[in-house]
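In what follows, chain A forms one complex with chain B and a second complex with chain C.
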Partner chain A sequence: MFKAIVSADTLESALDSVSVLVDECKINLNEDGLAIRAVDPANVGMVDLSLAADAFESYETDGGIIGVNLARLEEFVGMADSGQLVQLELDEETRKLHIQIEGLEGTLALIDPDSIRQEPDLPDLDLSAEIVVEGRDIDRAVTAADMVSDHIALGVDTDEEVFYVDAEGDTDDVHLTLTREDLISLEAGEARSLFSLDYLKDMDKAIPKDTEVRIELGEEFPVKMHFEIAEGKGKITYMLAPRIQSD
Partner chain B sequence: MGNADLRQLAAIEDVAFDDLDGSVVAIDAHNWLYRYLTTTVKFTGSSAYTTGGGEEVANLIGTVQGLPKFLEHGMTPVFVFDGGTTELKADEVAERREQRERYEDDLETAREEGADAETIATLESRTQRLTETIRTTTRELLELLDVPVIEAPAEGEAQAAHMVRQGSVDYAGTEDYDALLLGAPLTLRQLTSKGDPELMDFEATLATHDLTWEQLVDAAILMGTDFNEGISGIGPKTAVTLLREHGDLWAVFEAEDCHVSNADAIRRLFLDPDVTDDVDFDTAIEPDIPAAKAYVTGEWEVPASEVERGFERIDEALSQTGLDRWT
Partner chain C sequence: MEYATLADYCRRLETADADVELVATLADLFRTADADHLPAVVTMVRGKVAPRWEGLELGVSSSLTTDAVLRATGVDPDALEVEWRDRGDLGAAAEWAVENNRQRTLVSGTLTVIGVRETLRELASYEGHGSRDRKVEALAGLVADADPTEARYLVRTALGYMRIGVGDGTVRDAVAEAFLTDDPEAGDDDAPGTPAATVSGVKAVERAAQLTNDYRVVARTARDEGIAGLRDLDLELGRPVELMLARKAEGLEAGLTDVARRDGAGDADAPGWRGHVLVETKYDGIRVQAHVDGDDVRLFTRRLVDVTEGFPEVVDALRTGVGAERALLDGELVGYDAATGEPAVFQELSRRVKREDDVEALAAELPATLHCFDCLHVDGRTLLDEPLDARLDALETAFDPVDGLERAAATVPDDVAAARACYREAVDAGHEGVMLKNLDAGYQPGRRVGRMLKHKPVMEPLDLVVTRAQYSEGRRSSLLGRLYLGAYGPDADAFREVGRLSTGYTDAELSELTDRLEALVVDRDGRDVTVRPELVLEVEYEELQTSPEYGSGYALRFPRFLGVREDLGPTDADTVDRVERLYEAQ
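== the complex of A and B ==
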């Protein structure tokens, strides 16, 4: 049994954060809320999301797992205007999701969860630096790096106590430095890792500009980016595996 | 190329590339190259891979375009090259040469008559052969890319099958159904095609037909192999039934009053081929991409545009780590 009413905006932000990495996912219907964990087919980017029951107008379930095609579900939810409510109800017999938005009603066929890639194990990471920035800072760094390269290096300079972003292309390069004053907080530790911009651009799309993002960074380690949606009732963590630095 | 009728006996199922992540595959290099030559050639003008001196090196384009598929899926290919040609197979090699000469005549005629490009491309693909230059340059390119290469004492596919039995690799990679006769426990097919590969399972094949390895080989000899003509009128089903009924090849010969010459030697080529345990390779691939590029586009005059994307994909596949490294 699953029956919930949620604002279209909340549901959209949650789904977007997953659909930038995968086309299909399992949604765990827990009594305290929804949970999704998914990794892209190349095993490079992972999302771990929880949307608490109190992020919903109403939320009832006795547990279970459903498999969804994210693009289809997003299309349905996209029919709602900002501020409208979306009602979701699972039809156990037909294994379809009944969706209602104002006068609009529809059903979405679900996917057999067993046919979807297994949920990944969480990497066990010991990351030395922690930086808290605004979403817009990540957007700025990614946009700047994208002008010149396919890769982006994120690092912390412990002497200068700065968080920096480097991108080097074949001919051009950019360098962005954020000092302690520019950051919301900084726990400095030796850290520098190189990442694929393709992935970071996709993740950036799903990170609200005005939210705080807590970045955990290490030396040639995956990066973790934590942020919240739905006034803190939705929590999302992205993990991205590094590229090997050739020099 | 093995008898395609063996497919009717083989236990085969599709396998997702995702499930092959981290595996090591012994590729029958000649079989793989042959595939790439016949497909690459179809879509590439011959000027792209013919040097000023008239040497054809389509294999270099094929190798650069074919490798990313393994690496992007986290697989390590180990290329196994043929050593000497098996004596019995010499007949088949001669036959193929004759056929190719016929195709070459056809091609010449088609060109003279001004046939359309597609016809010419098809004929060109049939005339492809693994020249000495192709064998050598493929090896040299693989070395620059740090991809493991093994020299088989005789047949590459027998050596590949042996390496799976021995456990030094996870799969054999070949289109050839003979991998079953050679006892390769798990063989991947369709590695060069679009879509998922096929997994051919040796033990499951034996279990399905309730045959021993020897009996499977005997059935194949009745059906016909690279080394002998089959007995007229005996297909896969009949062959299996006869083996189950009579036990082995010689009992079938006696009961059916038929004969295959050299049967004992042919049997040994599958059951006890000339292979080596002395295989040593490093699965950590650290290619020298600039050197490989220079080799292909400089030394062998292949236009950079033909191989640029392939090299990029190789570089990309090897420098991006996966999160599973930390779990």
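== the complex of A and C ==
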């Protein structure tokens, strides 16, 4: 059994954060809220999302897992205006999701969760640096790097106590430095890793500009980015595997 | 079975330097595969994930594959392009990319044969908006989990072209080698090019493959039930068979003698063809096989594509006209102009296959008639080994002519003049020419045989395969306007060029050709591209010349584009031998 009512905006931002990485995902219907974990087909990027029951207007379930085609579900939810409510109800018989938005009603066929690839465990990483920035700083760094290259280095200079971003293209390059004053907080540790902009651009799209993003960074290690949606009731973590640094 | 095992065998096959070694290696692979994997392996060594008649189009182009390799490995795009050019194929370039991988992953997986097959099969189901990205991602997912050798072959499988020297004949011999050598029949000979397979084993496999068109079934049956099991395999309604194909007659009179002689029914010097040769109108339409199983009717082309949906009126005619409960009929679908009753040219009719427009409207504008000329099966009796005249008797009783369903017009002439009259009549009625058929001969699926010849007006167009192309200069500079054409050489299984085509197409046609050719590109050098030889064009020309410039030794004079032969595969193209004969005959 699953029946929930939620604001379209909350649902949309939750789904967007997952759909930038995968087309289909499993949604765990837990008593304390929804949880999604998915890794992209190439095993490079991962998203871990939880949306607490109190992010919903109402939320009832006795547990279970459903598989959804995210693009289709987003189309449905996209029919709602900002501020409207979306009601979701699982029909156990037909294995379809019944969706109601104001007067609009529809059903969405679900996917067999077993046909969706198994989500991996989150690797346990000990990352030496932690930087807290605003979402817009990430957007600025990614947009600047994208002008010149297809990859981007994120690092912390422990002497200068700065967080920096380097992007080097064939002919042009871009550097961005954020000092302790520019950051919300900085726990400095030796850290520098290179990442694919393809992935980072997609993740950036789903990170609200005005939110705080906690970045965990290491030496040639995956980066983790934590942020919240729905006034802290939705928590999202992205993890991205690094590229191998050029010699 | 892990995909690494299959990839390892592919590497050994690719480097095998003799047919015997190829067959031995492939047979070893078939024996290694378990019951679940054998069906997957027999198709995948040919670069396919389904038998052709399933009509599964993965829709994977070179550029899509390049994007997937880049996404998975993070190598420099220009460097990948250089490797592709230097190594000559994208599979080898993908191997290089994985060796020089620059993208780490969060977790790593192991590829299995079934997993790779299923992922590739799913690509065909991605449609509409965003489907290209999904394909790139799915393919990148495979490449990300692949070691260099796996990447080499899975990329080639995605592109449908293995380049490991394994043809249908190799698979046939290897199935016999793997499963049919334990219990040789008395007096059986060793099959050439194999370590231990026998002639009767190879024949049984070949026959079963012709009847089922499905090496998955053939290999499984050979393994589990041996030669006796293979001989029990039969046609199955709803599963298309390879059709028997005709050679071209070198003139009507020669054709009459030739077609009778091929099966020993006639003598070269005596007029032995009289009473043994059927002269039948050759219609210019679409060759189809009609499978009738009660009310369940399916139409397949000779390329084994299901075209049932495009021809509802013919399906109705078959339901009404066929009195037999179950039948498999061979014939030609011809479209007739509703206003004039004239037969429509092939290109017009092919619109109905593509169903670009409304099916009902097209059916009204260009109603089709199926002209039946052979009967392969009727009510539990498979007739392939029966002579043509017995099959025609069966055809006679299998159906009654109704609107949309007729017998092909035919006679058994007593002399050349009568045969010539049939020919004149057929051509005057707007048909293509005549077929000459040996009435004593059985039906040989999938073979272009001498027991069936076609005769058409001289200097008829050639069907040739595009092997290379160049971008035009000037106004059409973004289009591949100069196309090198190849004739097929069955001996070497290669295409030999016979000239360069640059006229006859409209801008729209050329733009469509360019799109299709760009999806086939295997190598680029400046403004020149080499393409996978797949696209067959119908080309007219004024005469043939000898020429040192082209691989065939001949060149077409004033070649002109007539159309794309959607119904022909590359090995159905005209052969170098035929070009040579035409040159000598002109």
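Quick notes on this structure:
Methods note: the second predicted complex is superposed on the first by the 247 of 247 C-alpha atoms of A that agree within 3 Å, B and C clash if a C-alpha of one lies under 4 Å from a C-alpha of the other, contacts with A are read in each partner's own complex, and residues count from 1 in each chain.
Everything that follows uses one rule, which is that a residue touches a chain if its C-beta (ideal position, glycine included) is under 8 Å from a C-beta of that chain, and two chains touch if they have at least 3 such contacts.
These figures come from a predicted structure and were not determined experimentally.
On the superposed chain A, the positions of chain B and chain C overlap enough to count as a clash. Within the superposed three-chain model, A:23 lies in touch with chain C and out of touch with chain B [touch as defined at top].
When the two structures are aligned on the shared chain, A:71 is found in touch with chain C, with no touch to chain B. In the superposed pair of complexes, A:124 makes contact with chain B only, with no contact to chain C. Of the two partner chains placed by superposition, chain B and chain C are both touched by A:222. Within the superposed three-chain model, A:57 lies out of touch with both chain B and chain C [touch as defined at top].
Superposing the two complexes on chain A places one of the chain B stretches 130-138, 184-192 or 274-282 into chain C: stretch 184-192. Residues 39, 41-46, 120, 123, 196, 222, 239, 241-244 of chain A are contacted both by chain B in one complex and by chain C in the other.
Across the interface of their complex, chain C is touched by residues 23, 39-46, 71, 120, 123, 151, 196, 198, 222, 239, 241-244 of chain A.
Those residues of chain B that touch chain A in the shared complex are 18, 21, 72, 74, 318-327.
Interface residues of chain A, counted against chain B in their complex, comprise 39, 41-46, 117, 120-125, 196, 221-222, 239, 241-244, 246.
Across the complex, chain A is touched by residues 71-72, 74, 101-109, 130, 134, 137-138, 140-141, 143-145 of chain C.
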